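Here chain A shows up in two complexes: once beside chain B, once beside chain C.
Right after this comes the complex of A and B.
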């Protein structure tokens, strides 16, 4: 597998798994607006995953659906940050902000890629991601505005920080550190990144659910 | 055709010389599957039409990557081109060649008439909440005393706004 394919597959897996996690708020978010917001963000992320899988599929001679659903859980390259199931609001917002910020840094690098397919797709994704970032920023500001909100967000960021570091490679990581210091204004723990290749137990549970419909149908079923 | 029985075959051949104008006209009749008041040509997603040797190549850039209407649009274009007697070749470009600035003036007016505020033009620089929170015109009463209720809406392309004058929630096509 080429370096290009490995990179695209890792990002596609991040977007698919996080899209799935975001969709877990559908129907049960604390406010109707957030129910709509997280559902819509999930739809965007899964759309990005599909576009990325299509680029990979063209190179590997497979399909986006096969890449999304027919691999075993161990074959996914998603960052452990997106694998975690965190149905608690402050943690959801912390993960949302940390991921979207890391993703912005990563997309900025991809937009200047020499590969026109990668640069073009990254620019298109970034237009949509701008809305995710506005949403994440708005929620961080809202939580930081009260003592309870700040305390809960700080605890969540502290827990998730090593995972957040694992989204980016060594070259891009310092920018995430700088952005997090500036926005969150808290002391960030010294930690080793929990990097790709680690598979949280929660990923296997997600995979069971995510692939259940496809596995229930014989190969070649038309939807 | 002189009254013989070759008319049908000649008629079928005639369709093979479709022009790009005819293709544009045919595509302009395809409604957006989710906002059917506007056509896919109004939406600006059809970037180019090329006709050569009975094949019609259409360059098409999706709006939002997660939009489920994309496959429907592609299939509708293929069907219309086949009806014109040509072979469709729809080339989907997953790049930055579409933004809401590509919606035609006519398309924007059709959106407004259907109760959707058209997207704000893209400002230079970064899109931010301050730009989106300003008072866009309510498509129902024309008031600008409106506010952003939710960046996200029932489909990826829409935000939800509220008009403080006529107390009507309405949707706005997101600027991207």
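Right after this comes the complex of A and C.
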């Protein structure tokens, strides 16, 4: 597998798994408007995953669906940050902000890629991600505005920080540290990144659910 | 805060009331309105108006039932035709050239 494919597949897996995780709030988000908005963000992420899988599929001679659903859980390259199941709003917002910020840094690098397909897709994704970032920034500001919100967000960031570091490679990581320091204004723990290649137990559970429909149908079934 | 949302389906068309969103401030309202009334490309523009900013008028007294102010049952088409005939401007009426 080429370096290009490895890179695209890692990002696609991030977006698919995070989209899936975010969609777990559908119907139970704190209030109706947020329910609709967060579900829509989840759909966008899965849309990005599809576009990325299609680029990979063209190179490997397969399809986006096969890449998304026909691999075993160990084969996914998603960062452990997005694998975690944290159905608690402060943690959801902390992950949302940490991921979107890391993703922005990653997309900025991809937009200047020499590969026109990658640069083009990164620019397209970034135009949608801009609204995700706006949403995440506003929520962080909102939580930081009260004592209870700040305390809960800080606890969540502290727990997720080593995972957040694992989204980016060594070259891009310092920028995430700088951004997080500036925005969150809390002391970030010194931690080793929990990087790609680690598979949280929760990923296998998610995979069971995510692929159950596809596995229940005979190969080649059409919908 | 409640924001009333108006949406324009195509450029040049009038904005129509679409619904409302509840949000803590204008920035959140923008995100929520985008997701609820724009994500399917069903709008080319949205107006967000804080409900407090609306000046609502609901009472229209009509104590003397002045029916002559209303136009129901009044065929304006026939009367307009007569008036145009008198003035000799029938050929200038909208649609006249195509008839």
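Assume the second predicted complex is superposed on the first by the 223 of 223 C-alpha atoms of A that agree within 3 Å, B and C clash if a C-alpha of one lies under 4 Å from a C-alpha of the other, contacts with A are read in each partner's own complex, and residues count from 1 in each chain.
Here is the rule we use: a residue touches a chain if its C-beta (ideal position, glycine included) is under 8 Å from a C-beta of that chain, and two chains touch if they have at least 3 such contacts.
Not measured: the values here are computed from a predicted model.
Placing chain B and chain C on a common chain A by superposition gives a clash between them. By the document's definition of touching, both partners, chain B and chain C, reach A:134. Once chain A of one complex is fitted onto chain A of the other, the partner contacts of A:40 extend to both chain B and chain C. Within the superposed three-chain model, A:215 lies out of touch with both chain B and chain C [touch as defined at top].
Residue contacts after overlaying the shared chain place A:125 against chain B, while chain C stays out of touching range. Once the two complexes are laid over each other on the shared chain, residue contacts for A:181 go to neither chain B nor chain C. On chain A, the surface touched by chain B in one complex and the surface touched by chain C in the other have residues 33, 36-37, 40-41, 131, 134-135, 138 in common.
By the touch criterion given at the top, residues 21-24, 27-28, 31-32, 34-36, 39 of chain C touch chain A in their complex. Within the complex, the chain A residues that touch chain B are 33, 36-37, 39-41, 43-48, 50-51, 54-55, 116-117, 120-121, 123-125, 127-128, 130-131, 134-135, 137-138.
Listing the residues of chain B that touch chain A in their complex gives 64-67, 93-99, 126-129, 132, 149-156, 160, 174, 176.
Listed in rising order, the residues of chain A touching chain C in the complex are 31-34, 36-37, 40-41, 131, 134-135, 138, 142.
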